[in-house]
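The structure under discussion is supplied below as structure tokens; questions concerning it will follow.
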Amino acid sequence: MANVDKEMLVQFLLRMGDNSLILGHRVSEWCGHAPVLEEDIALANTALDLIGQTQLWLGYAAEVMGDKTADDLAFLRDVWDFRNILLVELPNGDFGQTLMRQFLFDAYQSILLPRLAKSSDLQVAEIAEKASKEAAYHVERSADTVVGLGDGTEESHARMQTALDKLWPYVGEMFATDAVDAAMATAGIAPDPATLRAEYDALIGKVFAEATLKIPEGDFAHLGGRTGKTHTEHLGHLLTQMQWLQRAYPGASW
Amino acid sequence: MANVDKEMLVQFLLRMGDNSLILGHRVSEWCGHAPVLEEDIALANTALDLIGQTQLWLGYAAEVMGDKTADDLAFLRDVWDFRNILLVELPNGDFGQTLMRQFLFDAYQSILLPRLAKSSDLQVAEIAEKASKEAAYHVERSADTVVGLGDGTEESHARMQTALDKLWPYVGEMFATDAVDAAMATAGIAPDPATLRAEYDALIGKVFAEATLKIPEGDFAHLGGRTGKTHTEHLGHLLTQMQWLQRAYPGASW
Amino acid sequence: PEKLAEFQKKIDADIKVEPCDWMPEGYRKTLIRQIGQHAHSEIVGQLPEGNWITRAPTLERKMILLAKVQDEAGHGLYLYAAAETLGVSRDELTEMLLDGRMKYSSIFNYPTLNWADIGAVGWLVDGAAIMNQVPLQRTSYGPYSRAMIRICKEESFHQRQGYDIMMKMAQGTEAQKKMAQDALNRLWYPSLMMFGPSDAESVHSTQNMAWKIKMNTNDELRQKFVDQTVPQAEYLGLTIPDENLTWNEEKGGYDYSDPDWTEFFNVLKGNGPCNTDRMEARNKAWDDGKWVRDGLLAHAEKKRAAKTAAE
Amino acid sequence: PEKLAEFQKKIDADIKVEPCDWMPEGYRKTLIRQIGQHAHSEIVGQLPEGNWITRAPTLERKMILLAKVQDEAGHGLYLYAAAETLGVSRDELTEMLLDGRMKYSSIFNYPTLNWADIGAVGWLVDGAAIMNQVPLQRTSYGPYSRAMIRICKEESFHQRQGYDIMMKMAQGTEAQKKMAQDALNRLWYPSLMMFGPSDAESVHSTQNMAWKIKMNTNDELRQKFVDQTVPQAEYLGLTIPDENLTWNEEKGGYDYSDPDWTEFFNVLKGNGPCNTDRMEARNKAWDDGKWVRDGLLAHAEKKRAAKTAAE
């Protein structure tokens, strides 16, 4: 572990782990309901990778906390202790909205994770090394789908533009910097997210141009998820399902 | 308490209480989402009455069991211990399906409860006395709506017929008799449900005629809810919400 | 102009204006906007509380919450009826809500995130609403005044129930106390915002006060709310999230921090945490319900026609 | 007729039939029905297990279940591809599933009601499926045989994972043991039904066995399944819900009660506990997904056109 305030490190790890946990959960809701068989497979695969990353991030967080396991963190915290960005907890909406959210997140991960792979914290670096390969694959796939649907029929174009308009106010949170980020940057554990924005804008700009989609104007951003100040009403409902068995049968081993 | 096997009496009371609990929950899901303000009020009112009846039935069941409360029974049993008919746990569907389910249930209650008001078990009689007044009002209302929508536009007619076709296989369970019903009938606590069928068919026949709706042919009935042999997959999901707080924060007082 | 003076005299003499009476167009318009917005708030206000109906922790709490939400829908009905006396139909008002021409109280754009929020909504949000509404019982427009009298009675009941939930939570387990404090932290400033911007920035105020559509200034009511609520929070053992809160002997009230008015105007513009969800929910209810409204209407017409034919 | 004899000779000699080879129309039709039904079963089979993905009790279990359901979709792909070599497209097969012309395995019309069901589905349902499928690795049609070889490898992995869940549950808390027994009680007879009606009532059997589309009789496979499963249940400490289950020394296998064939035919007719839900879910996925399929197709065509124009 690098030389850094433990509580800060835990917060950083929870942000990473909760993002993949909650998005993995949302994606897994599609199981058996996708528009075409190949997408069923791809969505299950994405969910699988994300939950796998969750195990690593929350596992490390639990290790730093000392008296927890990754499962404790996933299944026994309530809304206020989650540190995921609001974007990933939003309901799936239609397939277009799900894929748009996926792309907006994958693009971020595909930039962040390779940096984290060079983290001064070797455990962070190791997890990021593995996850960044998956993220590279994910972003290629979700970008392709966004392009295919954005530049598809009139209906698919309209739906993708609606999805982008709806999700855009949730993008800014990924780059909002606070004391935790500053501490991570100082310790060389993680880059300040704000420094990734230009690269992110370039990447999504290219894809949206190809997809003939228009990035909305205005930079208003909903905040609060990664700091834990607030969440949407949707997260609580998600947890009732996700945590049901562990809550109903405490202490059992599965 | 009448002279009857305690376990049998508990089963009977759970059937009554779980029906109103689960249907009350389903109806309450509509809150704020009804097609017109008057319906928002009416649905909330129906849910309120049903949860009120639940308190009485489960309260009595808990009393007979001796070491429970109505809340324990509502919030701390898992799927297999519920004794409601399958009809009431089905998802709401559209407003037509919700109202059709309500009418099919209200019609049953409006016949059953006045009989129970003459039960040899005074506590049962007392609960039923109160509940039967509510049921009489409910069935008048839901019948009116079924008639209004069945004999409304082409679309509303088609939707109501679809709802009836879909729900019809869940009607038979209300009249399926088993050892518990036999014991209740022998003890004079409750009529054998099978004996209510003729009156029920007459009542719904009249309403559906007025609603220009056709009762489906065939008498296949899904069974298992009131005996506890099985439930639909929907009940488990309903419980994750309904029981969340009690499961997540055991032992707290609210 | 002569009529106008007469109208003002009537108002000054505390004689109620009734639907058939002459009234200035501005008076009518302002009332429609205010009553409509109030009605919409009751309707949209069902949603944050409805969010917890399916998760209410006991049968009793579930019933109380259902009854409360039912009351709110009822208030909506009274208010739409009052607005209709001014010549605008409920459906017209609804369409204006749904397409964004009319607003509802911004407080309902905040999420309910734990069970204590249901308590805090009753205690703080209904508390602030009552503070706004009690004077409106004496408002100059008869139907509005009468609606407010009925509503205020029920609202104060709701507020007591909300406070009762908070009490249970504040005296409960550690987790419950934490929920109560968390709810207060999130809802305190939005509740202060319910009284509107500072008087200095408030438009129309003077005319509306002369017409007795508005009875007190925003800052007066806000101060009154703070003064009432602080001791209640203390009694609960909860901390108001304001470092600057202090008793000011001189003015006989608390000094307190202003809410973040940038946030207020942002939420008004549509950027609150739940604006999109709330409007989506109401639009969906309206769109999905079209066939129901059409069906019931068609049936009523058939019945009327049959009756006419029989006569 | 000459061709037919030659065809049969090839089959008798265990030479695989390949897509371009001549084959009797009945052989082709039967294969399309069988492979299609098997593919549909993989697709619909995602639903009862998918029902617990969002409620899986640990991250590890969630991953295992996701991987399994993903494998099933993959099996669907292999099988549709195998069917396509017989001249029927995946979309055609899908339409036939959705409008009820084609069936899927009736087992998936039973609900998954507790977490142990996920174990029992792996242990019993995949167990029975493997029993049916292992001989089909030697089936006469090449593409089908090769698909079955890939599938069987994964299925036996799934079965072990299912048994592992059952083991955890059977060795767990009282509630977990109860879940395990409850799952076995509900899924035992439906699993026995997976082998189809008794040989006496089974139509087409003789021809299909001669064509090596069917390799064993239903009763043979069912007996084998019972004999394999009973000791596994004993090892778990669970009770098979059959009072008549006894070891028959003479035949070297267990005597067991027949499932309720009335129920079986009822479920086939559409009256199973979940038929409606399953078909609604698949129809909704297909209908809601139309714009996606259309969009991706339109884009692919644009790209192709652009490429052609550039050449």
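Each chain carries a letter (A, B, C and D) given by its place in the written order, and its residues are counted from 1.
One rule holds in what follows: a contact is a pair of C-beta atoms (placed from the backbone, for glycine too) under 8 Å apart; a residue touches a chain by one contact, two chains touch by 3 or more.
Everything numeric here is computed off the predicted structure, so don't read it as measured data.
J.: Common contacts of subunit A and subunit D?
T.: B
J.: Look at all chain centres (mean of CA atoms) and spot the one farthest from the centre of subunit A.
T.: B
J.: With chain centres taken as the means of their Cα atoms, state the distance from subunit A to subunit B in Å.
T.: A distance of 42 Å separates the two centres.
J.: Just give me the whole-number Å value for how far the CA centre of subunit A lies from that of subunit C.
T.: 37
J.: Report, in whole Å, the distance between the mean C-alpha point of subunit C and the mean C-alpha point of subunit D.
T.: Chain centres of subunit C and subunit D, defined by C-alpha means, are spaced 57 Å apart.
J.: Taking each residue of subunit B in turn, which ones touch at least two of the other chains?
T.: As it turns out, subunit B has residues touching two or more other chains at 78, 240-241, 244.
J.: Listing for subunit D: what residues touch at least two other chains?
T.: Expected reply: 55, 175.
J.: If every chain is a node and every touching pair an edge, decide which shape results: line, ring, star, complete or other.
T.: other
J.: Show me, using the given definition of touch, all chain pairs that touch one another.
T.: So the chains that touch one another pair up as A-B, A-C, A-D, B-C, B-D.
J.: So in the complex, which bits of subunit C are touching subunit B?
T.: It is residues 43, 46-47, 50, 53-63, 66-67, 69-70, 73-74, 76-77, 80, 90, 115, 165, 168, 172-173, 175-176, 281, 284-286, 288-300, 302 of subunit C that touch subunit B.
J.: Across the complex, what residues on subunit A touch subunit B?
T.: Residues 78, 237, 239-241, 243-244, 247-248, 250 of subunit A touch subunit B in their complex.
J.: Can you check the complex and tell me which residues of subunit D touch subunit B?
T.: 48, 51, 55, 111-114, 175, 178, 182, 186, 266, 271, 273-274, 276-277
J.: In their shared complex, at which residues does subunit A touch subunit C?
T.: Against subunit C, the touching part of subunit A is residues 78-80, 166, 169, 220, 222, 224, 230-233, 236, 240.
J.: Report the residues of subunit B in contact with subunit C in the complex, numbered from low to high.
T.: 21, 25, 28-29, 31-41, 44-45, 47-48, 51-52, 54-55, 58, 70-71, 74-75, 94-96, 145, 147-149, 151-153, 155-157, 159, 241-242, 244-246, 249, 251-254
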